[in-house]
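The chains carry the letters A, B, C and D, assigned in the order they are written, with residues numbered from 1 in each.
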Amino acid sequence: MHPQDDTRPRHYCGLFGIYGHSNAAELTYYGLYALQHRGQESAGITASDGIDLRTHKGMGLVGQVFDKNILRSLPGHLAIGHVRYSTTGSSHIKNAQPLVVDCARGQIAIGHNGNLTNAARLRAELEAQGSIFQTSCDSEIILHLLARPGKDDRAHSLEAVMQHIQGAYSLVIMGENELIGVRDPFGFRPLTLGKLPTRLDEDGVEGTAYVLASETCALDLIHAERIRDLEPGEIIVINKDGVRSINPWKDTQQPHAFCIFEFVYFARPDSDMAGRNVAEVRKELGRQLAREHPVAADIVIPVPDSGNYAAEGFAEQSRIPYANAFVRNHYVGRTFLQPSQLIRDFGVRVKLNLIDEMVRGKRVVVVDDSIVRGTTAQARVTTLREAGAKEVHMRVSCPPHMWPCPYGIDFPTRQELMAANHSLDEIRKYVGADSLGYVSLAGMIGATGIPAGEFCCACYTGQYPSPVGADLDKFIMEQRRRGSRSTVGDLVHPDTQQRLL
Amino acid sequence: MHPQDDTRPRHYCGLFGIYGHSNAAELTYYGLYALQHRGQESAGITASDGIDLRTHKGMGLVGQVFDKNILRSLPGHLAIGHVRYSTTGSSHIKNAQPLVVDCARGQIAIGHNGNLTNAARLRAELEAQGSIFQTSCDSEIILHLLARPGKDDRAHSLEAVMQHIQGAYSLVIMGENELIGVRDPFGFRPLTLGKLPTRLDEDGVEGTAYVLASETCALDLIHAERIRDLEPGEIIVINKDGVRSINPWKDTQQPHAFCIFEFVYFARPDSDMAGRNVAEVRKELGRQLAREHPVAADIVIPVPDSGNYAAEGFAEQSRIPYANAFVRNHYVGRTFLQPSQLIRDFGVRVKLNLIDEMVRGKRVVVVDDSIVRGTTAQARVTTLREAGAKEVHMRVSCPPHMWPCPYGIDFPTRQELMAANHSLDEIRKYVGADSLGYVSLAGMIGATGIPAGEFCCACYTGQYPSPVGADLDKFIMEQRRRGSRSTVGDLVHPDTQQRLL
Amino acid sequence: MHPQDDTRPRHYCGLFGIYGHSNAAELTYYGLYALQHRGQESAGITASDGIDLRTHKGMGLVGQVFDKNILRSLPGHLAIGHVRYSTTGSSHIKNAQPLVVDCARGQIAIGHNGNLTNAARLRAELEAQGSIFQTSCDSEIILHLLARPGKDDRAHSLEAVMQHIQGAYSLVIMGENELIGVRDPFGFRPLTLGKLPTRLDEDGVEGTAYVLASETCALDLIHAERIRDLEPGEIIVINKDGVRSINPWKDTQQPHAFCIFEFVYFARPDSDMAGRNVAEVRKELGRQLAREHPVAADIVIPVPDSGNYAAEGFAEQSRIPYANAFVRNHYVGRTFLQPSQLIRDFGVRVKLNLIDEMVRGKRVVVVDDSIVRGTTAQARVTTLREAGAKEVHMRVSCPPHMWPCPYGIDFPTRQELMAANHSLDEIRKYVGADSLGYVSLAGMIGATGIPAGEFCCACYTGQYPSPVGADLDKFIMEQRRRGSRSTVGDLVHPDTQQRLL
Amino acid sequence: MHPQDDTRPRHYCGLFGIYGHSNAAELTYYGLYALQHRGQESAGITASDGIDLRTHKGMGLVGQVFDKNILRSLPGHLAIGHVRYSTTGSSHIKNAQPLVVDCARGQIAIGHNGNLTNAARLRAELEAQGSIFQTSCDSEIILHLLARPGKDDRAHSLEAVMQHIQGAYSLVIMGENELIGVRDPFGFRPLTLGKLPTRLDEDGVEGTAYVLASETCALDLIHAERIRDLEPGEIIVINKDGVRSINPWKDTQQPHAFCIFEFVYFARPDSDMAGRNVAEVRKELGRQLAREHPVAADIVIPVPDSGNYAAEGFAEQSRIPYANAFVRNHYVGRTFLQPSQLIRDFGVRVKLNLIDEMVRGKRVVVVDDSIVRGTTAQARVTTLREAGAKEVHMRVSCPPHMWPCPYGIDFPTRQELMAANHSLDEIRKYVGADSLGYVSLAGMIGATGIPAGEFCCACYTGQYPSPVGADLDKFIMEQRRRGSRSTVGDLVHPDTQQRLL
């Protein structure tokens, strides 16, 4: 993963929830640790002791936001946690999650991974009905909907809310005594259920704690056992009565659309998704790449760390030796200063340094997981050439990215997406490679071992599984927020005003 | 003022607003500096450049929360600011103000001084209608009401909102291009309007900036000129069209109820309130005290700093020499450690040390502004006795506090209010004084030079000018928030649930 | 005291030490709290458990530098503490005290109040002998001297070191098992010895703890009893064998030179110095001022807080009413932003606001403790005139400051000292007063009730009790440190160097 | 590298220096970024503008300690920087480097990598002569020696100092106008010289900047070109006259002793040391391991990241497939909380998670760079077994560690060194492997391609190239500092003391 690489998509979040453990907040802390790769901007935990919800959140990494005293101030047997991706724009503590409110139902906290595609419209509708918004999170829309009375004057049920909202969402929700996990009907984003045996303790909590997590690596860390992924559209309710499931879409023809880019890039390689190990899938992507785009070369090198497994697979299939010629500086944090003009390519070089000796005079295959804008790929190829590589063959372990993602991945606009505007050969020339090969769509899907119908591949195909408004109405909302509007002066009826001065 | 004295009432806030100055946020910063005595828990500023509202708030003093870079990040010609009182309980950044929301009207920021007496009921009603609450501030209720459509499907006007809310509130409100000041119909809390000439600058802003502030000392600091206090019930709207006033209560029989304790304790002595200088009023309170409770003594000493002017007045009237025998440590901040048992009376002593030489062998009159629980007064008298004072006569520059305040002052409950449960002589014995005298209600009001009908004196008389629910429903709300409620499980219709595990 | 007033002298420090209490560091913390007015730049505590010295120091106020965990990390029965004055120049954590070293004697920690007048020469001599310096504190010179072997090859005794160093110094020194207090032979700076009964505790420490402090207000806070001030030249050694005294100057003709400005300005009014209460002395200074410079006026007002007691005395003697017309903002911390040109006189106004009503149309006597550069006095008079004062009579409770202080008070140079370069009438005109009167030297000394021979009055008379080099060699040292010197290249013998590139 | 692995040696530092660049401090910042793996406890930079040395240092990573404003406050054309290893014990800001002093030579700053073996004796001697020590850094000894006059009454030359000090030291030293690099006569620690072309700028600095760095990866990042490593015993002096070299040991029989563990573990793989690329050497170590300890297996997996290249080499030589089955969490910072008993093996698991699918049912070769205490190796093998590995064969890319290192590597004592007290088979049983193989000493040296006589292999052989006192006198010093010593009471001659109380 490349947390600091500004050309990479990184619109993602990590979710964790646990019910039935006397150290719920502490286990949530560890869970978030394992999910840190899904979001480094902010971290938050809400815990409940059955009476009150207590929340702590802050900007930065999990280890920076929490300490022992803070965790001690979050007692209870029930907790949810959230790590949020980093963007410069709306980076603000007020957008950190869980989002916690008081409403007619009591206290509710929510953590959200994904992006609603009808957020702007829903927000406008809600505002028209008198709702106020204190954050720019989609999750606040969901809370408003949950809090509103439905036609029968009872509060909207979660199922009813799910009928209103469109797009991608995995959710962890909690009240004073209940943990709920939700996955949207398309299943865009992952969410897994696990369990953890608990010993009898002084709080009388024993037996089994249940865990929700974006990825299985969070279960592994706390020795929890994976039960299964939530189904698309499924709601899991965990409380003192046990674990219940409801899936209103079960008997519908609802298509599935799991984000295939989780396999390619986002997920931690040690996680399992849809029952397949991510690293194994990446290896197979590399093998497939070697089958589709063979080349005579002396060495296969990955762009670490996201290209590692695909490069291994490529090397294995092609029988060309594998070598880690790019060395990553693991201490590059989020805070390093950018030397404006002092050092060329500093942003690229500070993360990866090339071992010249390994590539000098050689025909090199370099394997990366994607090309987005092309600038990073170009810098890598230039570095290889300067080090004396005789040939540079670029191989990419997914098809060309041609369409933006309305479901929560922060790809650039079509204008900036290299592959949306250039032919394969133009891209090859731009990045400066002797040859360039992407794995095919069919090849990519085949590598997962999962039926094509299960995936969203819209960023490659433009075929969006759910309706998206013209130009993705999310962006409209962003702009609307900055527009000029009438003053709040009409707070006061004009005819009752009189000139004072 | 005694910012660290836990036995003092301190449920107060300071408000500032400015329209028409190219350094609006910076001037707001200085204004808050002057109002810091009204709240030390948190500070916040919202500024608008006509398009966007930008906000910064944090826990701590104004000088700690803001620096030059932060003020630079708050550009615009329009700003409001808020300092919040300190209590341990609900001290949390989420309750810092201004509170800022997006709604159908656009962006609105609000700063609030006071306490709504029907907050719990309004909140319950709003929740029943589907509103969600993210803070425990009354101001959030006001924002909800402003955002809701009225009967005619237009947004509620501010006047309409003021018909719903009860209790004490002075408000500064801003939109993208407008500043509004509001004072509740009773006029419980102060709010003053001023103006500041501005030079022509690069932003084209010239002429006159208008200022709203809780106290005139904030106007003085920035060389602004006081125009007048807002009338009870008055709404002042300041925008590019100038300054307009509306007062729906103008022609009603609405009684006035300005908090007389502002004169006695809260306001800075250099402020003017209702046209009277606070220090002068306090001096007159001291003179009146000397008239009502004369005593033969050698020396008059104040409990600094709130007793200073009353002691001066007492000394002047009684012709007994005045002396600052208690010395205050001005460096006692909010962070000092409490030595549990190591040092007796440390909390009291660290703030004030007595100059023994000044009182040894003397008959001492000690003048304080109030006795709430009695413990501090007792500690002071003990200190004087230990230093060798021959007699200690306690004089208090307001009547006995017997009733809690539902309008925003954090008095203890009746159980804890010394005077509510004990006779004058019992109090005298408890604090250990040779004599004890409070100024009379009539004497206090007379000292202000303002008609009695203008004031709220409910903490002395129990005659609350506005209806207050049984046991002050604010406290009910507090408790309600901690109660056990049904789970959020009914988010999911019970009949669609099925047992999973 | 005016901690933020940049025109005030403020080159001072506060010392505290305690031996024989199981909470030595915690008591030192409280002691420093009481001495905070003597230094707000940095604070530090060193404690010993008999084996190891542990130190914590930091920039800022005592309450900011320490918390419970830090105090817990400083166990032991013996501790010293130090607060340091604030200057912009050499403000750096490396200069915070106590200064702690390892040397042949073991571990030694030292806290220093004052200024050595031969520091530059001693430092040059020590450097010539091979000493290295890591701070710019005089105290480091003292440690070097203590660590060096004397002629008899034993380490220099403290008495021997005191023969070498000149100028002003009060010291607290500690080793693993010993606390030492020192006052220079002239007695420029204060240092007091006290005692505190201790209960039997689990550490077996019981009986009596001994305390050293710059001022008695630190003893008062912890309920310690003052024994007596150290004599000039006295060394007090406190260890398990009790308290011992040695004074090598006892039988010499050594003159005494206690800084009289402690009485006028520096000390807390509730402290006793040389057996006299500081506030009482200040009151007498005010009475004397009224005798020497009587004037017909309507009101006497102090410049708070340092002018308070003198103004009280003036009012008492002259029978003119006293009034606190200047109101101080107690929340002005060290961090407020200076509005470059936005607000005239902001620096002066943010601290003190005038209550115009109190002075309008009146003949005002304003009493301050000193005039240094004259700019602040001018601003005060201007403010009074603008508020409508009919006459302004300035009275100063010490004689004119005409000479810089080489003993540790940060007066400006003679060029900047108003009185050094202007006649009384020129000063009067500059500050804009109708009349101006300083108390006379004899009057000032008389007010203390202490023989003239006990004091240093050099800042008024230019008669320096101890030899000071031309232009005060301290300043030479400052400049020397910035000079151009030969490179360290002669680290390498030139003849052995060979050209490499 | 395993910065958080408490069982790993990590007593190391990184050095950087630059002369002749108008952004010296900023380039030093980047240099330290590249060297961050050599020390994460503290970071510091000293820069000179030719007149004054300015220093900033702090605890934490380079990116945390510095920001743009701080770098701007360090102007000049000359700078040195230092990153320090992390240990709990003496972790303190006072030990952060560069260490900067004033002495007869002027201002000197020093950064030190390594450990003096006669530090305790030298320190005792210096203390006996009157020196005081403010840190526990060996570097302070060097500064004392440099500052002291020699026999000819001139300051000791650097060559003379090098005759006194024993052990390992690479140094960067600077004065106002000079940069010096030093490597000890054995050449224990690395230090490289490079150059960087500079453009003509407003400061008139142009031509060539010279750079000193612990590793070449720091040169790479700033596009500097490596000139050559310093020779053992060499002193490089860089000033306005250019670059000069002196090597007093040039014509002596001085043996060389470069730390071979730099190749095995410490250095970044992209660095070159002694002309050999570190990654290539590690790969060859892996190949040699495969030759010496072949095994029939299905998969070769590294313990990331230090085992990566050796595992690659092993796989290549053995033709067994390579796989990254252990996945590292790159967000494990220095601040994560340890869950005391809540989660078994948390410290090990939080860093590395195993992909069970990759090893299940397989015969696994796991390659690590060393076994120190054996506990980590044991945890890894257990994890592999639990995941279903059929066989686990452990291969270590250096010989068994049997002796502590007195030259600056923080190995545990012999008691704790697994291999010092157990036979190969006992270790195998302890860690639970089916087979265990270490590379041989000859094999390791052979893999470097450098003659054996160039290396220190003392941690494997016990043959220390330089004399080391009994039990490594460094540790003696540590203990001595905590011992009970006579009080400082002898500061005062006993016979002059008299009983006071």
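Note that a contact is a pair of C-beta atoms (placed from the backbone, for glycine too) under 8 Å apart; a residue touches a chain by one contact, two chains touch by 3 or more.
Please read these numbers as outputs of a predicted model, since none were measured by experiment.
With respect to subunit A, maximal separation of chain centres occurs for C (centres as means of Cα atoms). A straight line joining the Cα centres of subunit C and subunit D is 46 Å long. In this assembly, the C-alpha centroid of subunit B lies 59 Å from the C-alpha centroid of subunit D.
Taking each chain's centre as the average of its CA atoms, subunit A and subunit D sit 38 Å apart. This structure has the following touching chain pairs: A-B, A-D, B-C, C-D. Residue ranges on subunit C touching subunit D, taken from their complex, read 50-52, 93, 99-106, 108, 127-134, 143-144, 146-149, 155, 157-159, 173-178, 180, 227, 235-237, 239, 242-246, 248, 481-493, 496-501.
Of all the residues in subunit D, the ones that touch subunit A in their complex are 1, 3, 23, 26-27, 29-30, 33-34, 36-37, 40, 61-64, 66-68, 71, 217, 220-223, 268-270, 272, 277, 279-280, 283, 305, 308-309, 312, 316, 321-324, 327, 329-337, 339, 342-344, 346, 349-350, 353-355, 357-358.
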